[in-house]
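By written order: A, B, C, D, E and F. Residues from 1 in each chain.
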Amino acid sequence: MKWSKNVYTFLGCEAEYDESPIALFGAPVDSTTSMRPGTRFASSAMRSDMVGLETYSPLQERDLCDYKIFDAGDLELPFGDSAAALAMIEERADRILSDGKLPVMLGGEHLVTLGAVRAAVRHHPDLCIVHFDAHADLRDELMGVHLSHATVMRRCWELTGDGRIFQFGIRSGDREEFRWAKGHVTTQLHKIDGVAAVLPQLAGKPVYLTIDLDVLDPGFFPGTGTPEAGGVSFYELVEAIRTLMPLRIVGCDLVELSPPLDPSGVSTAMACKVLRELLLALCGREA
Amino acid sequence: MKWSKNVYTFLGCEAEYDESPIALFGAPVDSTTSMRPGTRFASSAMRSDMVGLETYSPLQERDLCDYKIFDAGDLELPFGDSAAALAMIEERADRILSDGKLPVMLGGEHLVTLGAVRAAVRHHPDLCIVHFDAHADLRDELMGVHLSHATVMRRCWELTGDGRIFQFGIRSGDREEFRWAKGHVTTQLHKIDGVAAVLPQLAGKPVYLTIDLDVLDPGFFPGTGTPEAGGVSFYELVEAIRTLMPLRIVGCDLVELSPPLDPSGVSTAMACKVLRELLLALCGREA
Amino acid sequence: MKWSKNVYTFLGCEAEYDESPIALFGAPVDSTTSMRPGTRFASSAMRSDMVGLETYSPLQERDLCDYKIFDAGDLELPFGDSAAALAMIEERADRILSDGKLPVMLGGEHLVTLGAVRAAVRHHPDLCIVHFDAHADLRDELMGVHLSHATVMRRCWELTGDGRIFQFGIRSGDREEFRWAKGHVTTQLHKIDGVAAVLPQLAGKPVYLTIDLDVLDPGFFPGTGTPEAGGVSFYELVEAIRTLMPLRIVGCDLVELSPPLDPSGVSTAMACKVLRELLLALCGREA
Amino acid sequence: MKWSKNVYTFLGCEAEYDESPIALFGAPVDSTTSMRPGTRFASSAMRSDMVGLETYSPLQERDLCDYKIFDAGDLELPFGDSAAALAMIEERADRILSDGKLPVMLGGEHLVTLGAVRAAVRHHPDLCIVHFDAHADLRDELMGVHLSHATVMRRCWELTGDGRIFQFGIRSGDREEFRWAKGHVTTQLHKIDGVAAVLPQLAGKPVYLTIDLDVLDPGFFPGTGTPEAGGVSFYELVEAIRTLMPLRIVGCDLVELSPPLDPSGVSTAMACKVLRELLLALCGREA
Amino acid sequence: MKWSKNVYTFLGCEAEYDESPIALFGAPVDSTTSMRPGTRFASSAMRSDMVGLETYSPLQERDLCDYKIFDAGDLELPFGDSAAALAMIEERADRILSDGKLPVMLGGEHLVTLGAVRAAVRHHPDLCIVHFDAHADLRDELMGVHLSHATVMRRCWELTGDGRIFQFGIRSGDREEFRWAKGHVTTQLHKIDGVAAVLPQLAGKPVYLTIDLDVLDPGFFPGTGTPEAGGVSFYELVEAIRTLMPLRIVGCDLVELSPPLDPSGVSTAMACKVLRELLLALCGREA
Amino acid sequence: MKWSKNVYTFLGCEAEYDESPIALFGAPVDSTTSMRPGTRFASSAMRSDMVGLETYSPLQERDLCDYKIFDAGDLELPFGDSAAALAMIEERADRILSDGKLPVMLGGEHLVTLGAVRAAVRHHPDLCIVHFDAHADLRDELMGVHLSHATVMRRCWELTGDGRIFQFGIRSGDREEFRWAKGHVTTQLHKIDGVAAVLPQLAGKPVYLTIDLDVLDPGFFPGTGTPEAGGVSFYELVEAIRTLMPLRIVGCDLVELSPPLDPSGVSTAMACKVLRELLLALCGREA
């Protein structure tokens, strides 16, 4: 008799590490969330709820079963010590990058991106970042805290420098953030279809893709801490992701799903489907 | 004094059986639901929550009060014996068809459609099926079970044969289902507006219309067991329904509302409104 | 040490009464709600949840911090005595109007509009009303009750007379309401973009703007008592609001948010954002 | 074929009016609820959820199937007009009393008791009231409103006079209520076991029993608008009810269940079980 | 770097199969649940939520870390085919028993017990059953279905014969069940402290212990499909479990937790703690 | 006209600072919560929901209206920087103590106690702590974090030294915590009635009282992050609080209410009532 082994991996991500060009891991932490916490539950909820999703995408006509993806599970991160948590994330991403693989991280709050970007910048000093989000996340500090979900892109900018961060879907920020953004980062307000226009600027460069799922409209994705009316649709997001595939993507993340805020489960289902499409797009690219 | 009689019928469906060309009934069962059960509560929730809905549709400029519709209430179906439940549904639909009336069934899970289709095929051996759904439901079995929500259209196909099932709005299935579909059924992916194009093929034939409400986008209809991002809107669904009205509709159902999954009540309200528009479209047709 | 003072005002509305051209207040009552009550919690929920919202609007490129708005807090209204509650609302609106300021009221159920309109009509006998809603609210009575959320626009019409009420987004009502509406009020069904077309009729006249938030699609705004599929989007609503700004707006309200019906918080967040855009549009107008 | 008839009656209460010594009816109104409304849904929720309950009580060794009880369904009461709603309740109770039957009313908020007591006092001018509740409900007015859940026992006292009201389980009230209570009504604080001690005073007199279910501890019965820690248990409540059975009970009610406040359904299940035990105790008495 | 391996085992149950005298497994099925389904989610919810629980019990002064327990994970059971699911459960229990180990099964609905009892009876033909439950579960059939949560103890009785089943805490059943029980099984109503009294009858015999968690009061354990007021407390249940430990326990289960029915998570936490105490009691016995 | 001023103070706590011997404040932070966050919402939820509670206690026959208590509102604490948050709490408590007043703090997670205790120890170097809790909170670190809800009493012990901390109601901890506790702190397991026995040891000494509300049974208080079955009742907790009143209480707190985890609102209502009884006990003491 073969024992079921209590192993929970994301949909079809059952390959071994060594054979996989993509390595998934979870970063379940939300200590700096200022409104409604809950993103710490995202990666485990996604592994549980993906049972409702097929491995096959009729949109891309590809099947996760045809590709090798490793799911490394969730990091065990401390609560209340952001610096320590970021160090653990950085170490994990660094290891994956060192092995020539592509890390795909599931948040957690958006601050986790900083850990992965630190590792990516070390491996790729000319790193560019494509950022899908409702919020600019460009504050210098929030209530005196510098390591925060609200400052994460500012911290990333300190690593990449001007002209390397491309934001899409942004529809919230304080006036100062938008002022500062000019000259430092490229921002498309409200929409996300400007991705095609920046491809030339990104061609050949190493690109980290960070997707704050609240770029989606709260009507389609209510399970997030700071919902902002007026977002994009599932098809618009997947279209934007697929548009990026000619680029040299070196790392990705999907953040800010907060399962407890959406008792209907629709948001977790959406996150799973976006992840499937992202993975299939990445896999197709490699072919 | 006139006693209130504890009688709960769907909105405006208060005619007697003999005088009604349409007979509504509920089939509240969800034993084979593999993810999140709850559709067993759909028909009773619809009867309760319809108090927020008017009998008049400004869209169709018709009023349910002007037509005769009988609400036969819910079947008392056993849990854990799908064959027995299907037999009871088949008997109910058969009786209504035998009396020259049109059965409109409220699920329950999608498997209930099989019972009604069995009766319809007996009365109309050349039956065609129009199928609105997010999922293809064309598996041959699910974990060894042949009577399942996931196999229901395959079981129906066994009754109708090739070329008789027309699917719209499909955006989920395993690769094998899509492969199999070719040559057996007609499938429109993602969209539902292909209905007009198949009217010629269906003209004059008896048509059973099965509406899995998860064809709607989960943003508008979160209360369903396996939400699939990227669905259609209320107006698109009603437009598709109305487009079918020139056909010879002999039976209908509305399935997969799961009220407990949507505490806001928006999904039940949507189901009620779709049912109202469906009934008014059917009634208008008869005029 | 400066004590925090337990003062909860809406986002950026921290000016004193005397210096503010706009005065906000809450009317938290829902005694006549016939389906699912809960709007009594709207104004306090909006003051709590606005912490997730910025004072700056990238859409209008304006910031609430640049304007003077007074938040007078919530009226303490009795439950079970609509006449008394309306009198208190009327007194409050009258006071604000007498001081040459613009009242912006947060409901509560839609009946509260009647109190504010009574005051506005006294100050502006030629008052016109622009009404965004899913429901016509033109019944003469509901179960014998004349002061009801379902009759509020009929009561308002008794004050303004024919040709003074302009409804948009309406998609529900009984047949009698739609019949009566002809010749008495102007109604745009389903859509809201007809606002521009009526500007000439309203030019120069005092206009009261009442926004029943259920004009929005329930997919984007599930937290309301009687959700009606097929509504407008956030951008469509804000566009309509901004289109009205050349007019002489003398009073506004935002009603029918019911926070307990939407555990995700998305509806309250939407209401806060609509209020921010409304306030910024009004402030910009004054400039 | 026998059509299911959409008739929802409470557990085993399927007799006709004429043959039944007990007549059940619902009074689903909560217009004066000052905190969290929802009791309007109680009677219909109880009819839906009683399917989980047996007709047989191992505690009393009696079965509802052995008795004749008529369920008259819910009154259709207006919202926003307490006087009109009370008149309809009074008329219903009066009719039942005139026919020599015992009315058992399901609230709704506690104010509904006043309608039934008005009818009972007309039939039994020397009426006494036994009152189980967490709250004294003896205020003269609440925010200027005299017909309120918070004043209902004061209004009842105006009908019965001093020494006729016996309260048990009370653990909340303002100081003035407790002061006033002395000399006017009999009150047992916190506990409910004092029922036995007052039997001699009530012997032979017509007794109306009103049970505000919040007399139960919120741990066992969370689904109520104003939960008060420190209440009684199910067995204590049933014991108190059974202790009263030697008395001449002429009317009863069960109020203040608010199903939406308890998503677990435990409170509705509790209310159903208390109602079953109450009905069986009343029926046993008649034997 | 050591990869986290996505392995979810119950609290401290991390031993290998061969070294463990106890083997845990989940049987996540609820197809015959007649009221509110959801127990299918119990075993996975318990593995997720146990993170809030310590391995050490101050009550028993024992620590799960000191013992070897194997968690075999969840069976993948089909929905809609009870016979097939029971066969899979029986096979799993049989394997564990054949290896001389003690199976501890986590439901699922109560029907799963039948699978394990079938295996246990094969190994121990003189099997006795100790049954903690609110419901007698002694029906012969429910709506024509013989394999049902409501008939499970009757089916077990068919395997064990008279005088071998000892029920405690029972407070619900139809009259016929209680009549039948006399002469066939031993039943303690309402309470559970009669366990000590039956120890002599059970001494030396193989005993299967089945714990339907709804034996607990719904105040402490609301997350179950058919809550019955008047149950026992945590300490009473643990005391009863510990009282049984001198016996020859050959199998155990814990059933009827339904996590979706209790959004507070208290019921899952209770189930985890009962399981910890059960495992520690069993382990202590072996010492 | 007097404007309502949007001031939310706790029930009856409307005195000015200077005239009040007691000063209330909120510390809404939960950054180190390792399971389910949400206590950040406790103090504001308590201020909102207290409207259902009377100022008068029939238990103590005292009324909050007769006493002077100042509610200083909530501190604005950063998320993700525990050291900074604790410093702000300490400063606030220090100021209140310096003015000769008694601070009563509303958490927030239990870590906030450390800030207040630091201030109290500075003012009263011989401080003793009475600690009501389900959890020992005596770990030295949790996943490398030393400032954590799980270590708070260990940190406090570092300030007070051996023999100064008295724990009651404890029913959870790892084995190491219980071992360490011996010789360092006094612990009563499971129960709370040992308070009377330690009064002699505490007589005349300055005492800080910290109440983790999860000392209550989760049946009565489900709204907390780590519920532990087997807790105390409301009356037992209030009795223990009142027993302490002869002592020299110099500071108090009430922590770990997590309103989002209990949608019924019963837990917040319980917390409000415990706070009322605590305040009335403290006020009575002063008389």
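Keep this in mind: contacts are C-beta pairs under 8 Å (C-beta built on N, C-alpha and C of every residue); 3 or more make two chains touch, one makes a residue touch a chain.
Because the structure is predicted, anything quoted here is derived from the model rather than measured.
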Same or different residue numbers at the chain D/chain E copy interface, by half rule: different
Interface copy of A-E among C-D, B-D or A-C, judged by whether over half of the contact pairs recur: B-D
Centroid comparison with chain A (C-alpha atoms), farthest chain: D
Chain located farthest away, centre of chain E as origin (C-alpha): C
Cα-centroid distance, chain C relative to chain E, in whole angstrom: 55
Mean-CA-position distance for chain F and chain A (Å): 39
Contacts with 2+ other chains: residues of chain D: 34, 36, 76, 217, 219-220, 263
Pairwise touch network: line, ring, star, complete, or other: other
Touching chain combinations (by label order): A-B, A-C, A-E, A-F, B-C, B-D, B-E, C-D, C-F, D-E, D-F, E-F
Interfacial residue positions of chain E with respect to chain A in the complex: 1, 3-9, 17, 25, 44, 47-48, 71-76, 91-92, 95, 263
Interfacial residue positions of chain D with respect to chain F in the complex: 34-36, 170-175, 178, 189-190, 217-220, 222-223, 225-230, 261-263
Chain A residues within the chain F interface of the complex: 30-34, 36-38, 40, 76-82, 84, 111, 142-145, 147-148, 260
In the complex, chain A residues that touch chain B: 51-56, 58-59, 63, 217, 219-220, 233-235, 263-266, 269-270, 273-274
